[in-house]
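What follows is a set of structures for review.
In what comes next, chain A is part of two complexes: it sits with chain B in the first one and with chain C in the second one.
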Partner chain A sequence: MTSSSGVAVRSKRSRRVRRIATPYLLLLPAVAIYAVFTVYPIYRQFDISFYNWHIFPGASNPFMGWSNYTAIFHDPVIRTAAFNSFLFIVITVPVQMAIGLFAAAVLTDRLPGSMFWRAAVYIPVVTSWVVVSWVFSYLFASQGGVMNAVAGFFSGHTVAIDWTAQTWTANVVIWLLSIWKGVGWSFIIFLAALDGIPKQLLESARIDGAREWHVWRHVVLPSIRGAVTFVTVLLVIGAAQVFTQIFEITKGGPYNSTQSMMTYMYQQAFSNFAFGYAAALASLLAVVLFGLSAAEIRIMRHQDL
Partner chain B sequence: MAGLFRTALLTQKLEPRFAKLCIACGSYQQDEQRKSIVASISLEEVTKVYPNGYEAIHGLDLEIADGELMVMVGPSGCGKTTVLRMIAGLEDVSSGLVKIDDQVVNDIAPRDRDIAMVFQSYALYPQMSVAQNIGFALRMKKLPKTEIDRRVREAAAVLGITDWLSRKPAQLSGGQRQRVAMGRAIVREPNVFLMDEPLSNLDAKLRVQMRAEVARVQKRIGVATLYVTHDQTEAMTLGHRVAVMRAGELQQCDVPQSLYDRPKNLFVAGFIGSPSMNLFQARLSDDLTSLSIGNQTVPLPADVFGHRPELRKYPGQTLIVGIRPEDLHAPGSNRVGVDISGVVELVEALGAELLVHFSMDAKLVQSEMSSQANESGEDETDTGQVAVARIEPGYAVRAGDRFTFRVDPQKFEYFDETTEQAIWT
Partner chain C sequence: MVIGVDKSKTKPRSALAGTGPGLFGIRKRNRLRMVIAIVLAFLSLGPLLYMVSLSFQPNGGLLGATVLIPTHPTVQNYVQAWTQNSFGRYFVNSLIVSIATVVVTVIIASLAAFAFARYKFRFKELIFYIFLASLAVPNLLLLIPQFLLMDRLHLLDSLMGLTLLYVASNLPFTIFLLRGFFEAIPHEYEESFRMDGAGTIRVLTSLIAPLSLPALAVVSMFIFSAAWDEFPVALTMISSSQHYTLPVALADFIGVHTVEWGPFFAASVIATIPVVVVFLVSLKWFRSGVSLGAIR
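Then we have the complex of A and B:
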């Protein structure tokens, strides 16, 4: 009798343990992967930023304290890189959003041919950054480039501008490529958001005397505010991390004049092997981006668009 | 003057005729105080064909007088909302003329038609407060802020929504949103008022309350109003006149009582009235003295033919006879008439009345509406369907009983079996 009641208690306890443990066991693989590939690298990057760290096994890594961080504020290239990154954000993000929203507005009605144009706008998103960067390099090449040929056709004489060898023209090429390739992403998000607006809201506004601009100002934009916030935050984060197109087209040159924070970070880490300094840059950028995103979300949440 | 009588042209496509519409003096006095604009809505041979070739509206003629509340009713897909949207300018008119106050508005943008519309979903701007929603049209007109504020408060007071002016639509119940939608429409003092099933999202009790509210508000603003609904009870209780639509065609347009008393065809007979009119296949005797409904013979008094001389053209022929549930009385109710009997299938005690569902050995004809209600509609006629009688409470009626009803043949409606048109004259 006592034995059987003891078995029953144990069985009940084991069922309870199983019930409590099962969800955690199911979560374990995902948590483990996240911990190994996300949490640990972030921690390690932050950790490395306090050392003069060397990648070679066995090399000494002297502790530097905050000196990697203080060095950032005395580095002249950082100012250029930060300015370029800032310029890249303020130019490419609004333009991508404006074109994406315009394209979405035009193509939201299922008119004949709209599927083709939707695909046409989105296709650049799924192309490879490296490949399209090369394509743009050829388009803007000084010898045999399409842009020079077009300029020559209109001006009537041979044009041989080295677009990617000059700071501002190189920046323009990078911006154009980034906008062209990025528009499709904001377009898709805005298309979905516009599709979600009840048609009766727009009709009601039109009956209430609103012109198309007022319909957009008072009904459409407030209705897609969530999508606008989402697109803004992600585009800003993405733009602050611009790397591939600059790396492929200008390598940050000439004379570091087209460096961005990420290309400069890469250069510091893998060309100059200043891993501690690069890690400090990455940490600082992460903090800035986190603050920027939080501010954007807060502003847009409280702003009546 | 006891009342203001206005002659309104009931322009039915094939049979134009005139009817008198009575509108209480009070509403017109208020209207005259409010503004002097008099506007009517007129549709002349209006057709709507969609790009895929589907013709939603076929040559519709309809006139809504100033101050009149016209209810357009019909089953889903009959084109009633399309008509409303064409008047609003939200749909192009394929052919024909839409006139507001005798001005053709076919090519005029919705914002320039001076109309107000209440949508089925209310279409309140979610990010705006109630006050901003109501005042939106006035802001678009660029009226001074103080004027907007005054008119919003007035409209809110009329609808009893002053306490909610600072709330957002998401914080309101369905009935409250409905009031805000009404407020947004009336604050503009429009020429024309359009309502697209504004009560269909409300529960039954609230719908009854809001029905009275709609009637009150419409009477107060006193402009031509088109109210679209699929609910025939709403149509009968609200409308000064009711236009019954079916498959893009106007079936009948008349004052509610006339629609009920003299349905023009089988469709209207089946649609108007709840429960629907019982429609039986019947055979008129060769000597025009009786009517056979199944195996029961109902003697017909000569008066029946006096009122409907056309019936004399149907000796020995099959026709369809319609009997309203309330014209089937319990035995011993001191009513004049003849007896018909049926087997009781179901009894619904509603307190003030009993609904007795019974079957007869007669072919019950289902109008399109009844078929839809029964989710069948494959075959328009079917034996084995049940008829309904509405009798006074207190009778001991049980399912399975054979029950005899007293019915006055003078109250029957008669329809041609082939054309489905009423035999009136």
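Then we have the complex of A and C:
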């Protein structure tokens, strides 16, 4: 009898241990991968940023203190890259959100072929950046590009703008491409958010005689506030790492004039092998963006939309 | 501006008339909505249809002439794209990396999301927020230290190494979404399951997974398309052409050759098909799966 109760106690305890250990065991693979491939690199990045780091084996990596960071502020290309990245964010993010929300509002109620329209708006999101970068390059080609042909059709004489070879027109192509490919993502999140608004809430607002504008202002927008915050934060972060479309369309040229922070960082690291400098750049950018995201979340949480 | 309520009084409500949020006055104006839908679809699909059209255009005729619909369509570009540049290999590489990323991420993220959704433990929210915090920092910023790390682990130029990085970058968002879905599953189901003596893994595989199938499908689609499309990391980590994934191969195609646009666009179409198919298949689950509960 005593032995059997001992077994019971032990098994009870082992069950308790198991119960406590289970969540940690479940988390283990995720935490391990995250620690090795995300957290450690963050630390490593800061570490490298204080050295004149050479990738080549056996090379010495002299300690530089903060000089990689101070160099950033004397680098003329940084100013262009930061300005381009900033412009890219403030232009593409609001436009994507506006069009995405507009499309969601139009397509949220049933319409013949609903599923088709929704799928069509989303499809650019799943295409490959490399592919669509070249499709757009081709659309905007100076010779035989569709856009020049369209412009020619309306202006009445031959148009041969070399879009991707000049700073501003190249920027326009990059923005248009990014908006085109990005709209579907905010669209789908807004669609889900609009779908989730309780119908009674809308109905009762309308029965009260509220104008459609007021229904939007006071019922719809407040209800999707979470989605708006979410989309803003993630789009800004996505826009801050604009890379492939610039890398493919202009390579940052002419004369670095279309460089973004990310393409410039990449060039410093993997073309100029200035790993320490590029790491300093990346660390600084990470801190800035992290602060920006935190600020966005804070502002939107406290603001009445 | 039209007042919605007034209109519904004067006119019998059409079967399709919205009860949803709609947009200002056009909520019930289906014809206008239809026109907008067509314009949106045209703008979205136009460039892609143009790509398809170019891929059937005889190579010599490209660039210099504006072509909307090829007058002498040919499949020669496809033959050339597939046979000349070991394109089949890149295709398989992309497929391996993307599928592996989906499988590993979904399994690992499900385990973690289940822990977050169903257990109380120390530092739970702290750990969760540490995961979430990485969403606030662009992944690409870690390219340099990740490159050095992979170098040290001898995982440079390897599809497995690439997969691991993709898993790591997709984990936080997947855990975040799945936690929300799992939390929405009523506790009672699980209790009765456990009463029958089911262990944690059984609960996950026979209860949670089937119940959240739509969510898992949608999340898988997100991860697949992200991995299939990923360029900068693959460009950095992969050096030998036998390990190229499609985006790297396509970029290389442009960089190295004097551009043969016909075969390039044919290759692009081939590279685009799988991800579009995956998306269309996942549509089936989209409505039920993505209430994206966690976000709202």
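Annotations
In this text, the second predicted complex is superposed on the first by the 279 of 305 C-alpha atoms of A that agree within 3 Å, B and C clash if a C-alpha of one lies under 4 Å from a C-alpha of the other, contacts with A are read in each partner's own complex, and residues count from 1 in each chain.
Note that in this section a residue touches a chain if its C-beta (ideal position, glycine included) is under 8 Å from a C-beta of that chain, and two chains touch if they have at least 3 such contacts.
All figures in this text were calculated on a predicted structure; none of them were measured in a lab.
In the superposed model, A:72 lies in contact with neither chain B nor chain C. Once chain A of one complex is fitted onto chain A of the other, the partner contacts of A:204 are limited to chain B, with no touch recorded for chain C. Contacts of A:288 after superposition on the shared chain: neither chain B nor chain C is touched.
Touched residues of chain A were counted for both chain B and chain C, and C has more of them. Within the superposed three-chain model, A:172 lies out of touch with both chain B and chain C [touch as defined at top]. Residue contacts after overlaying the shared chain place A:95 against neither chain B nor chain C. By the touch criterion stated above, A:216 is placed in contact with chain C alone, chain B being left untouched. Shared interface residues of chain A, touching chain B in one complex and chain C in the other, are 203, 206-207, 209, 211, 219.
Listed in rising order, the residues of chain B touching chain A in the complex are 88-90, 109-111, 113, 115-117, 119-121, 123, 125-128, 136-137, 140-141, 184, 188. On the side of chain C, the complex with chain A involves touching residues 1-5, 16-27, 30, 33-34, 36-37, 40-41, 43-45, 47-48, 50-51, 54, 62-68, 108-109, 111-112, 114-115, 119, 121, 124, 127, 130-131, 133-149, 151, 164-165, 167-169, 171-172, 175, 200, 225, 228-229, 231-232, 236, 246-247, 250-251, 254, 261, 264-265, 268, 271-272, 275-276, 278-280, 283, 290-292, 295-296.
Those residues of chain A that touch chain C in the shared complex are 20, 22-24, 26-27, 29-31, 33-34, 36-42, 44-45, 48, 55, 102-103, 105-113, 115-117, 119-132, 134-136, 138-139, 141, 143-146, 148-149, 180, 183-184, 188-189, 192-197, 199, 202-203, 206-207, 209, 211-213, 215-216, 219-220, 224, 226-227, 230, 233-234, 237-238, 240-241, 243-244, 247-248, 262, 265-266, 269-270, 275, 278-279, 282, 285-286, 289-290, 293-294. Across the complex, chain A meets chain B through its residues 198, 200-201, 203-211, 214, 218-219, 222-223, 225, 304.
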